[in-house]
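Across the two complexes that follow, chain A remains constant while its partner is chain B and subsequently chain C.
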Partner chain A sequence: MAPRCRRYPLPLPRSSTGSGSRRFISSPVDSSVAAGSGVAGAKGSTSKALNSGVAWYAGIRGKLYERKYGSDFYKWGSGASLGGVRHARVASMPAVGAKFDAKPEDCIEVSVDGKDVTVAKGMTVLQACEVAGVDIPRFCYHPRLSIAGNCRMCLVEVEKTPKPVASCAMPALPGMKIKTTTPLVKKAREGVMEFLLINHPLDCPICDQGGECDLQDQSMVYGSDRGRFIEAKRSVTDKNLGPLVKTVMTRCIQCTRCVRFASEIAGVQDLGVLGRGGAEEIGTYVEKLMVSELSGNVIDICPVGALTSKPSAFTVRSWELKSTESVDVSDAIGANIRVDSRGPEVMRVIPRLNEEVNEEWISDKARFAYDGLKRQRLNEPLIRREGQLEPISWPQALKTVAEAALKVNPDEMAAIAGKLSDAESMMALKDFMNRLGCERLWVEGNSEDTVADLRSNYLVNSTIAGLENTDACLLVGTELRIEAPLLNHRLRKAVRNSRAKVGVIGPETELHLKAEHLGNSTDILASIAEGKHPFAQTLSSAKFPTIIVGSGVLQRSDKEAVLAAVQTIAHKANVIREDWNGYNFLLLNAAQAAGLDLGFVPGSRAPVGDKKSIKFLYLLGADDLTPEDIPADAFVVYQGHHGDRSAYRADVILPGVAYTEKEGTYENTEGRTQQTSPAVPTVGDARDDWKIIRALSEIAGVKLPYDTLNGVRARMLAVAPNLFRVDELEPATPLPKESLPETKGKLDSSPFKRAVENFYMTDPISRASKTMAQCTAAYGRS
Partner chain B sequence: MALSWQIAKSTATKPPSASMEEAKHRVLDFFREACRALPVLMDTYNLDEVITQSELRSQIAAAFRKHSAVTNPKVVDMLVFKGKEELQDCLDHSKQRHHLISTYVVGTEGQISLKKLGTVDHGESHFLKNFYQSNLF
Partner chain C sequence: MAWRSKLSQSLRELRIHMCQTGVASKATREFVVKNYKDLKTQNPRLPILIRECSGIQPRLWARYDYGVERSIPLDGLSEPEINAKLEELVTTAPKGKTPIHA
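== the complex of A and B ==
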């Protein structure tokens, strides 16, 4: 295999398909290109205070780095690449200067290989080299983890020091003369590599990391060209970390990234280092699984093949895969993912860097539920005849549905959009049902009488990244770790970095962060609202107070009273200000935010509550209704991609497509519009969801006025313009205090219920997934 | 075999046609040759199930007529040569049944026209017609 290390300054410009994305930057000393080079830009840096995504890790919180949006450019440019998320190779760039923003007085000047560069105070030598556009090989250093300095791969020479220094752990000092190309450095790297390879097995041909292994890549570039080992290599017992992470501990080079990830990011103390010297091992101390919703990320940060994906073991080679940039729909966070496929199969899902949403982590459900895409799929229209589902042609299926719909009085119709519905299909379904005269629509997860009038009432207004800045947070009726693991991680960062105080009202759950469980009753909520509870004081004395309300609250009968109490707390504690809106309503499902923005809520004339009157029910992938909810004489249409719960009740099944097969718009819980892109072809005779509804509307005689995807989007633009601006966050305008809603009803003293019973199985895809079933068996509710 | 060999001999390089008349003559000769080969082809590839011999003949005639506008004798020679090559491939069984079916029975529209055989126009919109055929539009 050719050397593919991209941190080595190659003499030739490498051709890549995405050549447009490459940025060649001239000498960093040239101040005329200050914006592009590493020279500290004097441009406004403080305004991004709320968006500091990565500043904390290097211990230089407050020195903020410029954030450039787009998947082909990363904040730590080349820095995040080797150790972090594996990005498509074509997106790699030649080594260029990493960027940062800092005030000129907070900068120092160092020289890297004879070039003077200005870097922020507190940056390490390695970071200074990155700013200068010099790539330093590393294994243990990871920009999001604490510095361990134990792999010694990043050794560089600094003038007037007796020995080479580990650049990741050495702070850059003014006037430092760093050299990275001297024979001493070359020899040091060769020596370190030789030590690392002494005990590393030569099983690259059967190793799942082969082709995307940092050790493989770096040994090609920095290693010696011959070996001189005669001793036997050591072997280490493999550890069982659960059904997700496969371990081959003999391959481990003890970089301790996984240990640091577990304790610092995931917040579980499950992994640790045992033994010393040659006997050093990574393990779980006692036989124990690694229980975390973020555990799959250790696969990405492991620089070698010690931790690999268990479900996809021995199935793929990185160079066979086609990568498609997409968005996760397993929860409302909308983590950015890359779907790697081979032919018609999704082979793996890995995170994509987006500092504002998921950084470079994704939850285990997002990462491993993809095998559900191959099971239980609906691939042709079906109709129920004498209790049995039988295949039927598209024209006949649509005709049957249209006839059934036209027979029913509009008041007795209803349509429910499922958790994974995209905005386009919800738009089409809303238009279709409205044209039939039906206004009884809702999205799963929202209650049946949700009001979508005030956008700030149903979004995470502090933004996901902004939650890191909070210093006091009240969780109401939510189990944050299970409902949104990535948001929980942001809150955990706030707790770790600025000792934010977290109070929880709701079911008691281990959040893996320091939180005070205040109780699980609305009395506590009321006493905070009245200012009697000590936590009310904590909130009002906080600089950036936040409240996170879980959407499980919507299922309560006294939800208006609960929300009114929360609003009272918000206004008393000054949670909503000009410069800070800490009122967060956490949605559960990917479809919810877009559904609310599109007004996929019951209209004013729609009957509420009594489901018994429903005669015609259109389920757009909605599976949460129990059979008792659906009257026996109702005609049920199920449009979806999986033969899940509701498909068993359906009279006609129209096969749609899953999120990996379509171009769909989703809005995450903070109001950010994002799009999935098709990675694999559709299954069988299935059709895009909006097309099904468009075709059905024509058969039913209420033809929708759009024939193309862009047509639907133009319609969305008219209804909710923010859904047209992809990858943009549309903040909601907070309401003035005077518009506080009147408190309706009284608080019910019943405790808050869990919104998610099993983290691993929440939607049709994860319920069809074998891996998720194994997780449920291994971790229980977790 | 004998027939196949004959054609093989006739595809051997000949001097180019001196005039358009000579080229036309060669075309007619080749068309007769092809017609003579039809019964063998019908038999070898079991084409009776999908097409009659006379239909197949008119398909072949149509393939000839497609080039009726050609006036350059060199081009005509080239087309005859390619046609002979094709005929020989068919006779040698270098092709398989579906090759013949897709070229001479179904025609250039391929699978799409096969699907169309069953669909009757009910005055649906363009969108709906596409929708019934596939998801790729």
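== the complex of A and C ==
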């Protein structure tokens, strides 16, 4: 039997055209799968079979990509920046013909399989083929990474060249005649595949990549139908890359995507290639873990099963999963994710393509904290009797809360929305508390007296993708890599692509990018504001200057003075102009932006500050207050999905649902409204958060005027209309300096504190996650 | 404009909706640019939430005690007229709603 991979289960369309020798023969080429229909000149049964096989494969590949990246994949260009043509956007999905934008004078004409196409100068042969709608098999080529050209799978024939050329590494030249369907190409691909499979083990049935493996798929289409290799296969020692990435290095085909990802995207030089020829291995050279918040992405880019997810090893096969498109809530970036579930269990979380937010990467917390969804869950209402929490029915629980609330003077009530709260539940809670007369509300991460007046003051105005354009950036009181790894990656791109200068005022942290640590004191901030510090010159001479202020600043007593100093710098260095707003306020939590937009802040005349006066405290999944902060005689309601810190102090616990179980609106730190969708059913007797508050309002006699999800959203439209525009970014216009009130207060000289102590454990879900606990143990404070 | 300092006495929250670029919101934008500083200085603890969203009708929202809200559409009004509408929201604040608390 041939030594080759088999796809399990075999999804091949089979029919009986009868030419027999190839297993993939003959899907009827319909229009939806007809990527290869432009392929001309098929002569004889073998190449006809090859062509229809390629067409079928391109169709399947399109579906796989759609599955991998969501149906939006076709809409987004892959943003390839190859060969110096940065404005040429090339979609890597070839089945529909890739699109790019370039001026006519920057275009050249080439011919692909007899079809003339116009492509941008500097595009590679492979990209030209994509524009022509011809799919080229590849392993090492990845549009977001530099070109390696070492897998040789993308060989094509170019007229007047003696040998097949690696299309990913060859620039397209005017008049080039590219051929992808000739016997030479077919033989070359078959040969390359045979070499790749020489040392690749035959363990597809037990490989976690099985079913979504590039090697498996491409060997079915381009490989030979029999093997000639009878010698022993080599084996390679597995490497320890930490608790997240499982390695089976024998499966590695040395495409070096992971090495390039680590050095180019993650910014860690930990991975490398060791040895030559048959002894070539990928590894960390010394026993070293790969320390990066983005390390999980190597699992996605690995075309084979060499790097797979360690937490989900052997738990799942890709075809058993139901996929739900959703949004990550572990930080304020709002990365687009796909939640893969089997029955009631979330089995894995992987990124979805969104060029504006997360490209195709997500942080390790977003990817791996899902196991926390199964532990420490609250599944029934509980009440504290004689110091012990006991189960209670929903009506009784709500009645107890309503009675407790009505006994208290409104000025002695407070409500805190937790880090993961969705906009709907915050809207309902705000309306409910307001109707009771309580005005003391805030969202975790904000201070109690945060001003939410102007959106431009608390959003990332340059936008996440726009940060790539900056040429000078000042970070104030933020550890960007830990607070928002994906934003750090954008800044890293700016540093790499246009040598942006980065200055940091705040705790000293390795950012994995070239940055100058200016110091950790407000004196430096003041001296930049006065124009005495050399970095003031750097900022004001920049074309697209940016400032990123971490929202940890809000916890300082002199926050107004700090923000005023930052505003002064912004105005002096021309950071805020008509065509560019580089003033960025980086939020920490998923709930923060929507909470501020909804005005989940204390209303006028609210008693702010003294927590000792609180007699009734409503915690919507909020856990930052320690039991010592909460007065002993206060009645505490904890509504949330995890029995986390503050649940231990609660008098009544109302079980809510997690982000994977509800349709909730979230706004990310740049002001983009996005929605999660329910992937798995709720746990036990838990209820949607806004519904709990709606029911409670009725029992308390202040019935909220909505009882459907659309009703809540219509109410949101009357408060913050931008939250109604899902997947859209409503930009915020800054007010001119003259229109802003003068700020009082002086800078105090205390250093900026860390806003996030441990990247891996920041919210109730990640604190309940075993994987995140292992990461904390392995990486410490990374 | 003495009523302005009473804003935080009668209102709990003031919201101004407008479009970033629309013609209908032009006067509202001007109103905000010219008056925000004065309103905020006189009422530092009053949330004056300026919410921009493309294509929406400019509107003034006032929230009073116990979650009572009122709104006035602003399209077609000039800047002094908007000012008058705001005054109207302040001076005609609902009074005497008994708290539901015992």
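FYI, the second predicted complex is superposed on the first by the 686 of 782 C-alpha atoms of A that agree within 3 Å, B and C clash if a C-alpha of one lies under 4 Å from a C-alpha of the other, contacts with A are read in each partner's own complex, and residues count from 1 in each chain.
Everything that follows uses one rule, which is that a contact is a pair of C-beta atoms (placed from the backbone, for glycine too) under 8 Å apart; a residue touches a chain by one contact, two chains touch by 3 or more.
Since this is a predicted model, take the numbers as computed values, not measurements.
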Which superposed partner A:Lys703 touches (first chain B, second chain C, both, neither): first
Partner chain in contact with A:Ala695 - chain B first, chain C second, else both or neither: first
Which superposed partner A:Pro534 touches (first chain B, second chain C, both, neither): neither
Which of chain B and chain C A:Gly603 touches, first, second, both or neither: second
Chain B versus chain C as contact partner of A:Arg687, first or second or both or neither: first
Touched partner set for A:Gly780, first chain B, second chain C, both or neither: neither
Contacts of A:Pro391 with chain B and chain C, given as first, second, both or neither: neither
Which partner reaches more residues of chain A (counting touched residues only), chain B or chain C: C
Interfacial residue positions of chain A with respect to chain C in the complex: 406-410, 431, 434-437, 439, 451-455, 597, 599, 601-606, 608, 701-702, 718-722, 724-725, 730-733, 735-736, 738-742
For the chain C and chain A complex, residues of the former touching the latter: 7-9, 11-13, 15, 17, 20, 29, 32-34, 36-37, 40-41, 43-54, 56, 61, 63, 65-67, 69, 71, 99-102
Chain A residues within the chain B interface of the complex: 394-395, 657, 682, 686-688, 691, 694-695, 698-699, 703, 707
Of chain B, residues touching chain A in the complex: 124-128, 131-132, 135
